[in-house]
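In the two complexes that follow, chain A is the common piece, with chain B as its partner first and chain C second.
Up next is the complex of A and B:
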């Protein structure tokens, strides 16, 4: 059980990374999703280029770029900072694309009806469009969160002491057959950790469905 | 401008790294799709043992990070006396990954074929094999195409993780150049562009197919 406790030492870092990056992602994705569905062509194209470029480059490249490539004066990213910012930027792009899909799937008539009723644009967005869009995208967001949890393992390549890094450290100290244990344990842990997210998402989804039809 | 001239100098090395990345991605996809089809049939099989085995392979392949599977093959299995070259380990891990993801997409595609197609084939007296390969699969795979292209892009980007087991692919090449000249910003930007030049158009083509499919159904 040494292997398990070694891997678990990295658990807080894995969760911290995932949740920080997710928070950055949600906050940044809202304006970007609006940019993606803007009627202003330059804004829309710039948002689209940003999203496609960020998604077109593997996460490990973003992490190395931030960790090793960025030096402003005496400022350099430490491993955790680079990992949070890197995973955060990638989350912004993916979540913006998910939110855009949600906004687009709200029937046009909803916006037009709000306009006809004389609602202000802000009220239309926050009171009419956003709640419906969120209902549509909440399962996709949960799926993305479990993906982000797995992607946080890439931070081990820039020496962030999360679960995979701890597994490697343990395996290196135990050159016997025992050294394979942490890799199996950590793989199972990622699967176990994504179960509650899937469960909560399903509950949220069914609760919101009831809220509509009740 | 100095960046551009230096980039041109790095390009030959980077291109050979990109070649290794594309090779690993190609092999993993080539083996991953047929295995994915097999897994999707296992998951929908009537036999409980077959179904459970299929589900386990798929859930591990999708649920565990690709990096962990990679390390398991490269660092873990040698402890049992099963050792692989780093490139082979990368291909095996990414094949598992792509098989698991594509199996779910293919399963959804196959299940989206209307039941009547199966019943009509039975009524016409077609054998199970002919029914599957000539009636169900062609229709089911059609709707799976955009998803499968997405898996291919994901696998190509996933080859960058092979950096972790010292495969001389694009990312490792970039890191080696960077640690010689300490021009990390430049070289990783170039590496990112190399990935983006392939991933971005591939994504646009996928979106194009998605839209076409949506129009026809």
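Up next is the complex of A and C:
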């Protein structure tokens, strides 16, 4: 199984890329979601502009821009750096939009009760609003994560040695029918990797529902 | 121990509140037109009137959930002019002095009943978890819901949720309690449990301002009955006197509608 071992060589890179970009996304999305729902107009507009700009451009274009379009002094992105930053920024924008929707669907009375009790803004956000918003958006976040896993394959276009890149390399060296094999394997691998995310998210979701209604 | 003794730790002095010339408008739409109300410490004030009269808005102006455009609020040695900038210390003092109970309870659905009552104590008053939980259990016992401590609000009936919400507000030792139609979302029988807790609280001498459609409660429990209509207070006084001999035609019309149905 040469094809399998070739594809598996790309597995750590696929996972690393996905998880790094996701981590950047989650951390960056919280302040941006607050910006999107801010009552301060310039802040809200700036956040909105950022989100729409980032989401309006295809990921592949962002990756090419970062990889080939940026040179600051002697600094240039290497392929992995460009891929992580590119996928990370895109994740920030998408996740911020998801979080904003979650925050807005928490009933207004929750914030009012917090104010009436005299809770500080940070306690209101982290203790009351964010946990409820997270319960609402956790399935959407899981969906985004599985999407991101598959989108990480776009990094193969800027020579990041993840699974699809390895598949292509193998196919080039085996221009027979065997060349199709790594693509079948990589397809199956993506499915296998997505399953636990979907499963965990469903478990988490039903556990949180039970915690509230049971 | 009585409810407010638990609430006040037997220490907090009874608090009154003075609201003067409160006005509020949304664009061209006036909601409160120069409303003044003085509430003596330890008294119960019932606020009645047709819907749209501004009762709830007025109540929400007291703890600045709504920001009035002008007027002054004097409470616990703090004078607040909501039309101008309110500094954070005055706002914190106001919110600490004034507890509020909502029509829709607004319990935190992701926390157990106990945590609902303990969490604000820990964050606002800086109590340790043990202290807060102990106080929460005392209050839950007083409102008859000790066995619900570990349950989430979703598993409690509306009446139980409202009693937990009352306990949550009392746990912060307020000097004044505001009730915004506390029984309107409950069916009549369940509402009785809540009214019983409120009667007990009133008997203990808590200063209370209650927006309500429960005329029986307003007549029996309140010291002052305030009738609002068309963004103003049109009549106020002893509840029995106002109900049996209203001076204003608008009051008579409203009372006929609610008492003779």
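Here are some notes:
Quick note on the criterion: the second predicted complex is superposed on the first by the 214 of 214 C-alpha atoms of A that agree within 3 Å, B and C clash if a C-alpha of one lies under 4 Å from a C-alpha of the other, contacts with A are read in each partner's own complex, and residues count from 1 in each chain.
What we mean here is this: a residue touches a chain if its C-beta (ideal position, glycine included) is under 8 Å from a C-beta of that chain, and two chains touch if they have at least 3 such contacts.
Since this is a predicted model, take the numbers as computed values, not measurements.
In the superposition on chain A, A:135 makes contact with chain C only, while chain B stays out of contact range. Legend: residue contacts after superposition of the two complexes on their common chain; A:110 is shown touching chain C, with no touch to chain B. Within the superposed three-chain model, A:21 lies out of touch with both chain B and chain C [touch as defined at top]. Once the two structures are overlaid, the count of chain A residues touched is higher for B than for its counterpart among chain B and chain C.
In the overlay built on the shared chain, the residue A:93 is in contact with neither chain B nor chain C. With both structures placed on the common chain, the touch criterion links A:57 to chain B but leaves chain C unconnected. By the touch criterion stated above, A:127 is placed in contact with chain C alone, chain B being left untouched. No residue of chain A contacts both chain B in one complex and chain C in the other. On the side of chain B, the complex with chain A involves touching residues 59-60, 63-69, 71-72, 75-77, 79-80, 157-158, 160-161, 163-164, 171, 174-175, 178, 184-186, 188-189, 191-192, 195-196, 199-200, 203-204. By the touch criterion given at the top, residues 63, 65, 92, 95-96, 98-100, 102, 104, 106-110, 119-120, 123-124, 152, 154-155, 168-169, 172 of chain C touch chain A in their complex.
On the chain A side of its complex with chain C, the touching residues are 107, 109-110, 112-113, 115-120, 123, 127-128, 131-132, 135, 208, 211-214. Interface of chain A with chain B (complex): residues 52-53, 55-58, 60-62, 64-65, 68-71, 150-151, 153-154, 156-157, 164, 167-168, 171, 175-177, 179-180, 183-184, 186-188, 190-191, 194.
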